[in-house]
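Think of it as A, B, C and D in the order they're written, each chain with its own count starting at 1.
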Amino acid sequence: MSHTSYTVLTRDQIAERAAQDIPDGAYVNLGIGLPTKIAQYLPDDKDVFLHSENGLLAFGPPPAKGEEDPELINAGKEYVTMLDGGSFFHHGDSFAMMRGGHIDICVLGAFQVAANGDLANWSTGATDAIPAVGGAMDLAVGAKKVFVMTNHTTKTGDPKIVSELTYPVTGKNCVDRIYTDLCVIDVTDKGLAVTEMVDGMSFADLQALTGATLIDATK
Amino acid sequence: MINKADKSITDVLSQIKDGATIMIGGFGTAGQPAELIDGLINLGVKDLVIINNNAGNGDHGLAKLLKTGAVRKIICSFPRQSDSWVFDELYHAGKIELELVPQGNLACRIQAAGMGLGAVYTPTGFGTLLAEGKETRHIDGKDYVLEYPLKADFALIKASKGDRWGNLVYRKSARNFGPIMAMAADVTIAQVSETVDLGELDPEHVITPGIFVQHVVQIQPASTEPASDESASTATTATA
Amino acid sequence: MSHTSYTVLTRDQIAERAAQDIPDGAYVNLGIGLPTKIAQYLPDDKDVFLHSENGLLAFGPPPAKGEEDPELINAGKEYVTMLDGGSFFHHGDSFAMMRGGHIDICVLGAFQVAANGDLANWSTGATDAIPAVGGAMDLAVGAKKVFVMTNHTTKTGDPKIVSELTYPVTGKNCVDRIYTDLCVIDVTDKGLAVTEMVDGMSFADLQALTGATLIDATK
Amino acid sequence: MINKADKSITDVLSQIKDGATIMIGGFGTAGQPAELIDGLINLGVKDLVIINNNAGNGDHGLAKLLKTGAVRKIICSFPRQSDSWVFDELYHAGKIELELVPQGNLACRIQAAGMGLGAVYTPTGFGTLLAEGKETRHIDGKDYVLEYPLKADFALIKASKGDRWGNLVYRKSARNFGPIMAMAADVTIAQVSETVDLGELDPEHVITPGIFVQHVVQIQPASTEPASDESASTATTATA
């Protein structure tokens, strides 16, 4: 992978970019791992309601040291706090929020995203691996908008945005937008439309790092 | 900053258009959102489909709405009551359509909509007139009827207290259909006796989390029940 | 209908008799109307938990005059009170209690009961009548035991216990026991077994007032 | 007089026999009924089917139960974790059967059992490996998978407070699967940090009504978390 002259976003910068697209009043589920970072970049003047599968709505930042409560954790099993106006509920109601279309946006990590919006993020299909799915499939089918946040390529430089999935699917046609360290892509009926690229990136370079045909929509 | 409690009844209800499907909370008069129904009558929309447990009592509330001729169809479990003369007359005159649903199927179909299910096999009604023409299945030694979700454009419900994020608590048996209807409608409008500050509702005690509620409208206490023996929380008026 | 020398139970006496069969710790739903009377005859030394469709568990007797609360009513829309240890819940959970098999006993009124336990109690099939079903069908299929409480015959002397229903069915094969003003009948695989009769009643007389074959199980 | 809180852990658990299907509450360690699991290990029953969100962490609790070889099959959504080495080893050695269920389907199937439904069409998993061989249906423009209820002989759950009629309240995110598992098991056994007198739990705040709970076992507070910032209600010790 030959970096010419473009800037690669850090994980925090991808999170910061994605955070800008979350509107006031949105009900949002941030997937375990990278997407969780978005919480740090949500502007204070907006009310964004964070949902966690294990029965929290409107939870807040991590507690101060020594204030951790083992019974107040998010789906990533990290300690959190509650905002005034938050609520607790059981797993049935929590997944009703997700599957019933009440969550406005979920942001998920990905192994692969296909040109048609298929998402793979729960299994690499390795035969000796223990499968584990958690709530990923429920978020993929349930949220009004599914955002993916991922590095543009794997550590070994293979594309993660592909024409068709080679890994097992999490949800069909579910992804609406992809935030990578190189660009922002909208999944549209016409294909993958690149709306933003990092400084110094050319569309041709980006296409070369991608396993599916891109549309230049940066203008 | 989100404030779901900043509009008047008139403003909130103005988004309801002719032909809307509307869930209305309440079991008898307990939990019936009387002021929202009055607002709906004043709005003058027509061709409505109403989902409620009953079909109105006396000449007020839901019965009054029916009387205006605004309702094309009602989906309910128990229309016939000693004081349901408004519905009775419309029904016998062929001026209103009735879909009769066993109460548990009504609740369950509303829940199925809120949960995002495609359909459910329910035990109730198998072998009866109310399952005629419906798909059935024998599962694990028992018979079931396939029933589909009941969704709505709007839910009009009554709660006891609400905050500006839409969190609600109810009072006694006025809870009934409110929480499940709030989950099954695109837009839920809750009338409350009291609007409280964010944080006043204990997160352990919230019955309907704000995600299910789009608007909260405070009704002047004088117009509802006499002062009630509410639980201990401080009853400051909200700034929200 | 020729009463010879037997005693007919009053409505209160039928209720009192049925109340004796409700064990300590039972979760019970008493149908609107006649069955509601059973509550008055439950012994004080037992904890019997009364459930109401509209979201009450462990409710108590009617309030004192002037203490009525329009938001504390049972399914029959009568004012009630709550016992210490009672709870409120929404209609979804309330019908989960009924349909999920958590209610031990429900007691229902009846237009007709058939020899196989079919119950008719929601519609007489009259073409001009407005149909109304409420929670009757849910109770009939959901409770662990379904008791019926009814006069043995109609006001005009026609049998209500019949070989086959002529009125629309509420629930198939659902009735376990019948309490009438004349007797107690268990619905068994072998048929309708009469376990008790009122004083002075002969089995032949009872059979003559019944539209289905009875089995004498009084000994 | 009913007292569901009058037995020791050992007495209560002794009704569990080989081959039982057991739901165990908790999401990670929050809400995990650690003392009941320890009691189950001591009981020494075998051939169990366990329903839990995870498949154990570290060497304690559920992981320890697995290690004893007591579990024939586990039904869960997320077995693979950084500290799930006990399960990993059993799985790779072919010594435990795994039924992997998306978390929402797990919750929904448990709810279906509690509600008495025969089956449900759920949106999750359609077109994936986890729906292979399952019946599907296209309903109102969307695809669904037919899933069946998950019932259990026993549910072992953890609540914060309980009374002698089995009413329960939970604490924060330890609520998770407790309320829905209590509804889906023939016998629900709840460990609580505090047993309170009847009437101390406000009927508006009860999360699991006693009808869903057969036994309440109080665990000495010292053996659980450090003293917590519990809500305001008076913490008298129950006579029950």
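Basically, a residue touches a chain if its C-beta (ideal position, glycine included) is under 8 Å from a C-beta of that chain, and two chains touch if they have at least 3 such contacts.
Please read all numbers here as calculations on a predicted model, not as lab measurements.
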The chains touching both chain A and chain B are D
At the largest C-alpha centroid distance from chain C we find chain A
Between A-D and C-D, more contacting C-beta pairs sit at A-D
Chain B and chain C have mean C-alpha positions lying a whole-number Å distance apart equal to 30
The distance between the C-alpha centres of chain C and chain D, rounded to whole Å, is 35
Rounded to the nearest Å, the gap separating the Cα centres of chain A and chain C is 56
Expected list for chain C, residues touching two or more other chains, is 82, 88-89, 92, 95, 98-99, 142
Contacts with two or more other chains occur in chain D at residues 108, 115-117, 122-123, 170-172, 203-204
A full list of chain pairs that touch reads A-B, A-D, B-C, B-D, C-D
Given the complex, residues on chain A that touch chain B span 24-25, 27, 45-47, 49, 51, 57-58, 82, 84-89, 92-93, 95-103, 142
Per the touch rule, the chain C residues reaching chain B in their complex are 52-56, 69-75, 77, 82, 88-92, 94-95, 98-99, 123, 128-138, 141-142, 168-172
Listed in rising order, the residues of chain B that touch chain A in the complex are 1-2, 113-117, 163-165, 167, 183, 197-199, 201, 203-204, 206, 209-212
Chain D partner, complex, touching residues on chain B are 108, 112, 115-123, 137, 139-140, 142, 144, 148, 169-172, 202-205, 231-232
The answer for chain D against chain A in the complex is residues 27-31, 77-81, 84, 87-88, 91-92, 98, 100-105, 107-108, 110-111, 122-130, 143, 170-180, 207, 225, 228
